[in-house]
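In what follows, structures are represented as C-alpha cells.
Look for chain A in each of the two complexes below; its partner is chain B in the first and chain C in the second.
Our next item is the complex of A and B:
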C-alpha cells in the first residue's frame, strides 16, 4: 500500500540531526564534569528524553512496528539503563544500572525470538559476570566517592563523537530498509484479508493494525529454538565449542596465576622490608 | 523469521547501546565503569547479531553470540584480576593513575577544581537497646577477627 511505503521509505533528516544534537548535548550535560549543577543535570535528562523520543520516532519511520508495545518497553529499559550506566557517578550504581540494561537486552532478545540467548544473558551476565564486578568493587572501592568518579575525560568531544556515530549508523540502517522491498508487518494480515476476499480494505485496515503484531509474534516463536541452536553449536561449530572450553580453562588458570604471583611478590616485599 | 521492521528497530537499539558504551569507555576514568561500558558495547553487538540471525533464519549469528558470551566471561575474569593488581599498586581505580604510560606528545591529566562530593549522608534510625549485653571474652573475639 502507498501509505505504508511512504512511512517506510525516508528518514527525516531534520529529525535525525535534531536527535543527534540533543543526544550529544544531553550526554555532555549528564557526564561527570567539574561544572556540574543540579540544574544542568535536569536539563540533560530533559534533552536525553527528547533525543530518545526523536530516535524512537526515527525508528518508527524506519519500520512500522512502532505499535509493538512490548518491544518499545524493553528497548526503552535497555537504552535508558545503558545511558544511566555511563553517566552515574557511583560505580556501584553504575553496575546495578548495567544489570537493568541487561534485563532490557534480554527482553529484546526474547522479543526477537532468541529464547536461549535471552535467558543466557541473564544467567551468565547478570548472574556471574556482574556479580564478579560487584565483588571487585567491594574489594577495591575506596570509602566515599572518589575524585576520579566526579570528572571525565573530554566529555564534549566524546559525546559529540558518540552521537555522530549513532546518527551515521541510523542513516545506514535507514538506507538498508529503503533498499529492501518494504515487507511490512501488515503484510501477513493483509494477505489473510485478501485470501478471505475482504470487500472493504480501507475499513479493515484498522483491525489489521491491531492483529498484525500478534500474528508476527506467534510466527517469530520457534518451539524447537533451543534444540536447533544446540544442533548447530554441536554440529557445525563443534571444534569452536572445544576451543571455547579451552579458552575458559586458560583464562581461569591464567587469572589465578596472576593473582597468586601478585600475592607472592607482596609477601616478598614484606620479607625484604623486615 | 522476523519482519524487516522489527529488524530495523532491533538494529537501532543495538546501535544506541554500542554508541553509549563507546562514549562511556572514552570518558569515564574508573576502570570498572570502563569495563562495564565495554560490556555494554558487546550487548549492542549481540542484539545486532541476533536480529540479523533471526531475520535470515540462519543460526550463525546466535552461535556467534554464544561465543561472545564465553569470551566476555574470560575477558572479565582476566581483566578484573589486572584491575585488582592495579588497585593494589596505586590504591585507586583510576585509569589516569597510569598516565606515565601515555605517549610523549600528550599532556598530563591534572585534576583541578574538582566538584564537591554532593552525596547525601544517610541518617540511620536509632534503635532502642534491648536485652542483656552478652559477656564478651576479649581474647576469643580477637582470635575470631583473624580467622
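Our next item is the complex of A and C:
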C-alpha cells in the first residue's frame, strides 16, 4: 500500500485491497474456463457482488460517489454490463451486454454534459460497429473456442491484472481527491444544481471556493458545446483529424484490395463462360 | 426534500403524454389510411363497414383500427419452441422503445404563446427535450438502436425466414445510414445547428426551404429515409412474398403489434424529418410569420401546417408503395454505395462551397442576386449528378436477365470446366505462390 494513501484513508485502503482481491477471485471464477461448475459460478457471483459493494463503499469514503440517482443508475449499468460482457458464455449475449455497457457509458457522458460525445458513442459503437459484430456472430454461429482463443485465454492472469488495474485507478483518483477534494467527483450538472440550490448538501468536506470556478467553466462550454468541440477539432487538432481520416481511407482501400483479389477470378470465370 | 415535480418536469411529462398518445392514435389511423389508399389504387372499396360498436352506424369504417387493435391484442401470444426466450421477448420492446424515444428530440410544432406559469421558461416549445443540443444526432443514434430489435427478433425466433429478414435488414439499414447522414449534413451545414427547431426557424426566416436550396440532398435523403423506414421499394427485410414477413415471422399477438407499430413509427419519423429538414417545417409563405412571439391562433396554425405537410409526405409514402416493385438485393446495395453515396458527397461539397463563399458572393453581387446564385449552383450540381448517374448506371441496377446456363446440363458444365482449366487467364495456386 502506498504510505500516503494509507495514512489518509486507513480503512478505505484496506477496503480497497479487499475489494481488489474479491474482484480478482470472482472474475477468475466467472470467466469462461474448462473447469467450470455451477457452484464455482455461484461463488463468483457472490464475490463479485461483494467486490462491487466494496468499490462503491471505497468511493463513498473517498468522497467520490455523488448522490445523483441518474448518474448512479447509468454508471451501475455500465459497470455491471461491462462485467457481464466478459463473463457471458454466449457470444451474442456478450455483444448485447457490450451494447448495454455502451449505453451506460453514453448515459454517463450525457450526465456529465458532454452531449455530443454521449450521442456519438451510441451512433458509432452501438449503431455501426456492434451491429456488424452481431451480424458476423449470427452468421457464423460460433460454438466453443477457436485455437487462437485457447492460446490467449488466461483467466487467472487476466482477472488479476484487471482487478489490480482497477484498484490502482481507484487509489489514484482517491489521492487526487485528497489533494483537492471536490474536483474529482464534481459533475457539471451537480455543480450547477448545487450553485442553484445553495449549500443544502451535507457533504461538509467541500469548500465553496472551488465550486464557483468549476461552474463558470462548465457554463462557458455548455453554451454551444458542439460548435466549440467542432472548432477545437478542426482548428487546433486539424492535422490529427486529417491523419486519422487518411488512415481510415487506407484501411478501407486495403480491405477492398484483399477482398477483390479473391473475387477477380470469379468474375473472369463468368465473363469467360458467357 | 421537495417531492413535487417542478413545472418544467410537469411540462415535459404533459408533452410526452400528448406525443405518445397522438403517435399511437396516428399509427392506428394511418393503417386505415394505408388500406384505403391501397383499395383506391387497386380499384377496390377497402375497409368501410366497422363504425361505432353495437350500433349500425358505419362512419366510413372509422372504427376499423379499434377492431383491428382488439383482435390482435386478444390473439394467442404463441412462443415457438427452440427460441431464445430472453431475446425473443426483448426484441419488440427494444424496437418500440427506440422508435418512441426518437421523438424526444423532434419538435411537433413551433412554440406556445407565453403561459406565465412560474418556473416554466417562456415561450414553451413544442419539443420534449428542448435542452438537447444534438437533436439530429439523437434521432440518428436511436434509429440505429432500432436495428437491434430487428436483428435480435430475427435471430432469436430460430427461423430461417426470420433470420434472413434480420440479416437483410441490418445490411440495408447500415448501408443507407450513410446517404441519410450525407443528406442531413448539407442541411446542418447550411443551418449551422444540430437542433431541429433551429433548422426550422432558419428556413422560416429566409423563406427558402432546403428542398429548393439543396435538391440533390433532398432526393438522397428522401430515398435513404424510404430505405431506413423499410417501405416498399426497399422492404426486403419483410418481403411478404418471399420471406413471409421476415424478422417477425414467428411473432404473434401483442408482440407482433409492437413490431408493426414500431414500423409505422419509423415511417412517421421519416416524414417528420423530411418535412422539418427540407420542407420548411411549420413555415408557409404569407401564412405563418417567422417570429418567435406569436398568439394562440398563430401557434395552432403552425402546428396544423406542420401536421398537414407530414400527412402529405406519408400519403406520398403510401402511394409509392403501390407504384414501384421491390428491388433485388444487389440493386439495393448498388444504389446505396454506387449512386446515393457519390450523389450525397456531391451535394455536401456543393453546399459547403456555397456556404463558404456566401459572404464574398453577397459582397460582389448584392444580397438578392447572391441568393439566386446560391440556389442555382446546387440545381446545376443536381442536374449534372443526375446525368452522370444516368449515363454511368452501375450494371446491377438494371433488370435485364443475366444469361446463365442450366446447372443440370452436366456435359456443358464439364466442357466449360475443361476450357477454364486450359485458360491462360486463370492463375493456378502454384503459380500464385511462385510469383510471391
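Here is the rule we use: the second predicted complex is superposed on the first by the 192 of 274 C-alpha atoms of A that agree within 3 Å, B and C clash if a C-alpha of one lies under 4 Å from a C-alpha of the other, contacts with A are read in each partner's own complex, and residues count from 1 in each chain.
The rule is short, and it goes like this: a contact is a pair of C-beta atoms (placed from the backbone, for glycine too) under 8 Å apart; a residue touches a chain by one contact, two chains touch by 3 or more.
Source: prediction; values computed, not measured.
K.L.:
Where does A:136 make contact in the superposed view: on chain B (first), on chain C (second), on both, or on neither?
P.N.:
The first partner, chain B, only.
K.L.:
Touch test for A:96: chain B only (first), chain C only (second), both, or neither?
P.N.:
second
K.L.:
Who does A:128 touch here: chain B (first), chain C (second), both, or neither?
P.N.:
It touches chain B and chain C both.
K.L.:
On the A-aligned overlay, A:226 touches which partner chain: chain B = first, chain C = second, or both, or neither?
P.N.:
Second partner only, chain C.
K.L.:
In the superposed model, does chain B or chain C contact more residues of chain A?
P.N.:
The larger set of chain A residues in touch belongs to B.
K.L.:
When the two structures are overlaid on chain A, which partner does A:120 contact: first (chain B), second (chain C), both, or neither?
P.N.:
both
K.L.:
Should A:27 be classified as contacting the first partner (chain B), the second (chain C), both, or neither?
P.N.:
The first partner, chain B, only.
K.L.:
Which positions of chain A sit in both the chain B and the chain C interface?
P.N.:
In the superposed arrangement, which is not itself an observed complex, chain A uses residues 116, 120, 128, 132, 139 for both chain B and chain C.
K.L.:
Chain A touches which residues of chain B in the complex?
P.N.:
Residues 1-13, 15-24, 26-30, 32-33, 35-37, 39-40, 43, 46-47, 50-51, 53-54, 59-60, 62-63, 65-67, 69-78, 80-85, 87-88, 91-96, 109, 111, 113-115, 117, 119.
K.L.:
Which part of chain C faces chain A closely enough to touch in the complex?
P.N.:
Touching chain A: residues 87, 132-134, 137-138, 140-142, 144-145, 147-148, 151-152, 155, 163, 166-167, 170-171, 174, 177, 194, 403, 405, 416, 419-420, 423, 425-427 of chain C.
K.L.:
What part of chain A is in contact with chain B in the complex they form?
P.N.:
Interface residues on the chain A side: 8, 27, 31-36, 55, 58-59, 62-65, 68, 71, 75, 78-79, 82-83, 85-86, 91, 94-95, 98, 101-102, 105, 108-109, 111-114, 116-117, 120-121, 124-125, 128-129, 132-133, 136-137, 139-142, 144-155, 158-159, 161-163, 165-166, 169-170, 173-174, 176-177, 180, 182-185, 187, 216, 219-220, 228-229, 232-233, 236-237, 240, 244, 247-248, 250-252, 254-255, 258-259, 262, 266.
K.L.:
Quick check on the complex: what are the chain A residues that touch chain C?
P.N.:
92, 96, 99, 115-116, 119-120, 122-123, 126-128, 131-132, 134-135, 138-139, 224-226, 265, 268-269, 272-274
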